[in-house]
Amino acid sequence: ACGGGGGGTRNSIRAVGSSTVYPFAKSVSESFTRAHPDFSSPIIESTGTGAGMQLFCAGVGANTPDIADASRRMKPAEFETCQANGVKDITEIQVGLDGIAFASAKGGITMNLTPAILYKALAANPYGEKQTAKKWSDVDPSLPDLPILVYGPPSTSGTRDALKELVLEVGCEADPKMEALKESDKDKFTQTCTEVRSDGSYVDQGEQDNLIVQKIEGNPNAIGVFGFSYLEENADKIQGLHMNGVEPTYANISSFAYPGARPLYIYVKDAHLDAIPGLREFVASWATEWSKGGPLAKIGLVASPADVMAKSKAATTEFPKLTIADLKSAAYPK
Amino acid sequence: MRARDVSVFYGPKQAIDSVSIDIETDHVTAFIGPSGCGKSTFLRTLNRMNDTIASARVEGTIELDGDDIYRSGMDVVQLRARVGMVFQRPNPFPKTIYENIAYGPKIHGLADGKDHLDQIVEKSLRRAGLWEEVKDRLSDSGTALSGGQQQRLCIARAIAVEPEVILMDEPCSALDPIATAKIEELIDELRGRYAIVIVTHSMQQAARVSQRTAFFHLGKMVEYGETSDIFTNPREERTKDYITGRYG
Amino acid sequence: MMSPAILLLLALLLGLAGWLAARARAWGYKRAAPNTRLAALPSYHGWYVALWVLVPVLLFVCLWAVIEPQLVTQYVLGTPAAANLPDFGMQRQTMLAEARAVAVGSAQGVFNPDSRALIEPFEQALLRYNIVGVIATLLIGFAGGTWAFLRLKPDFRARTKVERIVMGILLLASLVAVLTTLGIFISLVFETIRFFGMVSPIDFLFGTHWGPDPMGNPANPDPSRYGAIPLFWGTIYIGAIIAMIVAIPLGLMSAIYLTQYANPRWRKWLKPMLEILAGVPTVVYGYFAALTVAPIVRDLAISVGISNASSESALAAGLVMGVMIIPFVSSMADDSIAAVPQAMRDGSLAMGATQSETIRKVLVPAALPGIVAGVMLAISRAIGETMIVVMAAGAAANLSANPLEAMTTVTFQIVAMLTGEGSFDHPATLSAFALGFVLFLVTLALNFIALRVVKRFREAYE
Amino acid sequence: MSDTITLPTRTPAFEKRLKKRYAAEKRFRLAGLGAILFSVVVLAFLLVTMTVNGIGGLTRVEVTVPIDFREAGLTIDRSQRNESESLQSLQGQGLPDVVDFYAEKALGKDGAAQISSDSWRLVANDIISNPASLDREVTFNLPTNKDLANAYRGDGKADLQPLAKRLQSEGKIASRLDLGFLTRSDATDPQLVGIWGALKGSMLTMLITLALAFPIGVLAALYLEEYAPKNRWTDLIEVSINNLAAVPSIIFGLLGLALFLGLFPNLRSAPIIGGMTLALMTMPVIVISGRNAIKAVPPSIRDGALAIGASPVQVVFHHVLPLALPGILTGTIIGMARALGETAPLLMIGMRAFVATPPEGFTSPATVLPVQIFLWSDEIDRGFVERTSAAIIVLLIFLLCMNGIAIYLRNRFEKKW
Amino acid sequence: MRARDVSVFYGPKQAIDSVSIDIETDHVTAFIGPSGCGKSTFLRTLNRMNDTIASARVEGTIELDGDDIYRSGMDVVQLRARVGMVFQRPNPFPKTIYENIAYGPKIHGLADGKDHLDQIVEKSLRRAGLWEEVKDRLSDSGTALSGGQQQRLCIARAIAVEPEVILMDEPCSALDPIATAKIEELIDELRGRYAIVIVTHSMQQAARVSQRTAFFHLGKMVEYGETSDIFTNPREERTKDYITGRYG
């Protein structure tokens, strides 16, 4: 009955966030533990990028995580929450690239997608109109005469965010009307461009990308949306769909030729660097793993371009502070 | 019914030791004896209710109309319809009074239609002397009756399938004196129509209702004869000791 | 953190000494007046004193375990070595904790070289306060023991006193249940109220679209996305309909077969089998449902021409859940049938009814209240079941009667909204508590009614 | 009486009906048998599926690599007690390259690329535990990476299939029993995972649960059954216990999240919090079964003791408790078995994180067996499917043992007084 | 013991209606009466065993040595050590025979050391006439004895704490005739040393073992007097009816 929990210290590193980054973080954690047996092994939880950011920005101290894994960049709003809660010094490290791949079962449906097609097929109200498309051929007569059925990530996930920003908004902006709307009513624009239909054609599959893979494997007419690493992992079962005529491959993603490519990040709470034993070493471990052909590449991470990688590597030892200005500059390098 | 050399075992334990007895149709036969002497056990062999006890085993023959009820191929269901039974504690089904009586005729398919069933129910209740008391509340639950009424309901239930023999195992031991008197009266009325066997722990009751009495002791039937003889002039020492309260 | 353990040991020793001394004293009384009865056995005198030693000392040790570290830290912070500790609280504490760990011997070395200077002050402080702790323990134990010892007399009713303490402990133990219930209620109700401050209960309870957006602005949620009807429907459809269609007949018939037909040798084997079925963890059932049953269901559906069968279907989850519930229903039915007095069965058999007639017409109707109550308990268990639906039912909040479609349940959404840690200020996260609260109330009501029915039913036959 | 001749129970019509009734009887009986057989078949199917899959999970694909240490020129300082230092020293001396070299020699360049990146560690551990091997040639069975393992098992990436075929024909690759599965912890590579971490987590959690739930449950059961006066307060206690026994486990998770983690936020994922949460869940089960066991002690024994002047507390602790103990233990074991298999509430309190080393104590982050199963079931790699089943087998063996003990205890001590 | 105007209620139901009786020390007193008339209830008020039934409430006074046993502050534990009780069904503890007897002396601290305890055990068993039968198997379980032996063990257990009064509630009703005879002999031997109160459903037994008989009916004590008077020359009509088997 008696005895306190109190304290205010923690021995093991805690990282939360993106399910896309999760397997990579696990892998780094594993090698970190091997290389530094004196430190406790890091605790990695997959919560989705959004929830991870919320936790990360809740404050400093033993009760909050040290690292947020993210499959998109931190949003200025999140940065501000962090600041408001006393998480002043944050270091952003890009650990590699991932593509949001569109895929179907081997031997299943194939088509050449474009952001505009996807927007028209998946938006709740394409260009502000009512969504009526039931089949791909309703969107564009050249497409197959098959029902639209897309399995994808839930609204909590960074993959979904990437889907919104890299694909849906791009497809949306193809219409000049929308371009205009963006200027006049930003909220309305965001809603029209990013809200996904909820009538069953887009199936929200939970935080488990594996399930999506299983789903489309079982249904040749279904399309799945998930991180490129999952496509790579399951190359024997599923095939990537071309977008703007480009196939989702390692090369095309690392060169940003494929429109769905996006960088993956970890955010480190600098205040914890000296408080959590091993945190510096753990961050440094990332740099030893993310190279092309390195251990992370084996499980599907696409290495960043050389210049970015060099910058990131420097960040793992110098811990530059993230500023709001950094975040407001282009969200995704294209 | 004729029983010849009947022995009953519960597992290794012998509860009845070669009892032979003739039960006469137009009489009431009483089984008396100290607790645990096997009265109930023997009674239950008469309609094979012992079959429900896994460990029970019966030897010897028991004949009903010359037909051995323990022969293989004997139909137990039919036997039990022919040899009815009333238990120590009244055990009406938790159904309506009507349903309690109609249960037997229904499962055996004895009634042709609803009217016939109504008739059977009424006739049985009348014979059990319960009709007047319950005719306005046939759809009340059987368990809502008083103890004595419940016991008469059970007798009526047994009568409803027109049995040839009615076995009663201490039917009054859970009842008050007034209810007991009613049941004793009823037994007297039913005598002649059915062969009746009654187990009782009260010698006075045996003396009051029966014409034949069998005295059991330690699994053996010690003495069997005219009730008046047994009580006034027992042949065996043990019977006498029991009747005068030496033990039991 | 050696010291509490040492203090506890010390307390036990003191208690033992008190026990022995008091018992010896009581024997002394007895020897002095051999013909009078003592009001209590000598050992009760012993226990009386021992408790007077132990209880105060234990209270003190608890308290000391909390304040001693603070005193130690205070002391260390007062030393010059602490002057150059960093300002950031967490880092400070880490360093202090590291140094402390080394000082008490639970760690070999420190990670932060600056902490090293703190080790020695810690050792000094620990030594000093350990001595203080030991002395205080001794004093308190001695004081309590002496006070109790002085009250011993030949006619002192030590047993009554000791037994009163024992009763107090028993009462405390049984209050834990009430506290737990209260704890559940409190932990659910506050968050639920917060949630209803953001989304109105009407929208929540009667809305038909479920799709909270955890990334949306927490200050201004869209109430039309918080309609829980599809979840309630999925829960009922899977747990109370599909699962029960499997579990009720199979469970009931199993119970009937086991209690009425099976011979004892078979029953000895079959009953534990059912119990094992009940003992399989739900995560295993979930895995079984997702990996084995769901594909079979889907393939069967496709083979009969239903092309859009989902691989996560309400049917698969419900079937497996039904299997899981079978032993539960069967044991409840078993109890209820067993509670019907043997006299009912004998009465029916003596009328010439066959076994099955007896069962169908007498036993089951008589046991019906108990069986119904059992089914209600089974339903409450099914709708609270989590892992099977998490692994096999899917996330889609469909309002459909097609068992081959994916459906989601209340429990699934609680897990979905809260896995990992939730930030407690977003309605999407808070909705999990509201859902939990609804689930709690519903299962509570089901159980309450069921227990009442069972009780009535038992009483009827007692 | 005229109607004595036409007894309705002795007509041919009656006998005809009788035949039908017997047929119905038989059907009913078969339905009962069918119901119970269904359960047995499902159980058997479940166990067989798990076993068939799980057997594979107790093996891993390994390649045979002979290493001649005489040529490698490695040394090991035998006085060095510390394992991790020895490991680092071997790494510094280039052991990984040595392993790669010999792997290439044995398997070819393409084969060497597919051995597990952890291989050199296995070799190093072997050397540390047996330094004499540095003086001879030793043949190692090294795990492959998961791609080659999948290829060997016949699915996975098509491009590795020929390599697997080749190595197989050379007799250099095989699927071998992997007892290390029982001693390693969670990992990302199915070839390298183990369940010891989760198992230890489960044990620590169960210890806490037992230490809290058993005494509280037994004492509460004694109070309620033996002493509680009939009043509103005890009614309240009774109602709460009965209801708690049926509250969905996930609600206990919410309680743990809001209450325990609210009080001790930095004990997230720790066995102590999991144990406390599960203890609250298990306690009512123990109380209820304890009460039944206590109730089964015949009142005549209490009367006997009271009548010679035993106090109520003496009656309970001298007579009732010893007699009820087997029943209470049975209930406790069953409650503990349930707690051991429980997943949902632990998900709520963070015991689902990836932890690569076994927990050191009650307060270090951990996961438990059922949660580990849940996490692995989510992994896509085929290797994990088998590993999951293997973990399920381990869990089931524990549970079957516990249930078996409970059933045995019950049969052994079941007394009809 | 003196009881004055004792009434006992079970909840709202009155089971005993102002009974006054003096129980004499050197006699055996028998309580007889039909089932449910309150014999057991009254017996249990005499050592406050009724306290264990939550709904039971006692009015009136019962004095033991002039001390009201229902006064507040009365030590029930001590009372029960002074007024021992033997029950209808033998209820030995599931412990060894030795432990069964030694239990009372142990909890009351009556024995100084092991040897003394051995003595007490032997003396009690001798008095209960059981010593010869069990002296070689003192460490067998008490439940392994036969019914009659068990009942004598229970009597020995009661004797071991040297009570002043021994209450026996139908001590022979579960026993066979031979065991019954043994217990009756034992009661006869114990008479004079302890005040003995025995409830029995057998009038013959009452006649055999008691010197005083009280007849209970429907919660009232109808008649109390010399046993020989009650059986040969009852004053009350109800007593007579009962004794001649009119009811019960």
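We call the chains A, B, C, D and E, going by the order they appear; numbering starts again at 1 in every chain.
We adopt the following convention: contacts are C-beta pairs under 8 Å (C-beta built on N, C-alpha and C of every residue); 3 or more make two chains touch, one makes a residue touch a chain.
Since the model is a prediction, treat every value here as computed from it, not as a measurement.
Q: Going only through chains that touch each other, what is the minimum step count from subunit A to subunit B?
A: When the steps are counted carefully, the minimum from subunit A to subunit B is 2.
Q: Can you identify which chains form the pair with the largest number of contacting C-beta pairs?
A: Max contact pairs: C-D.
Q: Please find which chain has its CA centre nearest to the centre of all protein CA atoms in view.
A: C
Q: Tell me the angle, as a multiple of 5 degrees, of the rotation that maps subunit B onto subunit E over the C-alpha atoms.
A: 175
Q: List the centre-to-centre spacing of subunit C and subunit D in whole Å, with centres computed as mean CA coordinates.
A: 18
Q: Centre to centre, by mean C-alpha position, how many angstrom separate subunit A and subunit C?
A: 37
Q: Just how far, in Å, is the C-alpha centre of subunit E from the one of subunit C?
A: From the centre of subunit C to the centre of subunit E is 48 Å.
Q: Cα centroid separation between subunit B and subunit D, in whole Å?
A: Subunit B and subunit D have C-alpha centres separated by 58 Å.
Q: Hey, what residues on subunit E touch two or more of the other chains?
A: Counting only residues that touch two or more other chains, subunit E contributes 107-108.
Q: Please output the residue numbers of subunit C that touch at least 2 other chains, ranges allowed.
A: If we look for residues of subunit C contacting two or more partner chains, we find 352, 354, 357, 419-421.
Q: For subunit A, jot down the residues that touch at least 2 other chains.
A: 7-9, 45, 62, 211, 214 - these are the residues of subunit A that touch more than one other chain.
Q: For subunit C, which residues are in contact with subunit E within the complex?
A: Interface residues on the subunit C side: 30, 34, 37-38, 41-42.
Q: Which bits of subunit C are touching subunit D when the two form their complex?
A: Spelled out, the residues of subunit C in touch with subunit D are 159, 163, 166-167, 169-171, 173-178, 180-181, 183-184, 186-188, 191, 249-254, 256-258, 260-262, 270, 272-277, 279-284, 286-288, 290-292, 323, 326-327, 352, 354-357, 359-360, 377, 380-381, 383-387, 390-391, 411, 414-415, 418-421, 432-433, 436, 439-440, 443-444, 446-448, 451.
Q: Quick one: which bits of subunit E touch subunit D in the complex? Just the residue numbers, please.
A: Checking each residue of subunit E against subunit D gives 47, 49, 52, 54, 77-81, 84-85, 87, 89, 91-94, 103-104, 107-108, 154, 157-158, 160-161.
Q: Would you pull the subunit D residues touching subunit A in the complex into a rising list?
A: Touching subunit A from subunit D are residues 84, 87, 117-118, 121, 145, 155-158, 187-188, 263-269, 350, 352-357, 360, 363-365, 378-381.
Q: Give every residue of subunit C touching subunit B within the complex, in rising order.
A: These residues of subunit C touch subunit B: 263-264, 341, 343-354, 357, 361-362, 365-366, 460.
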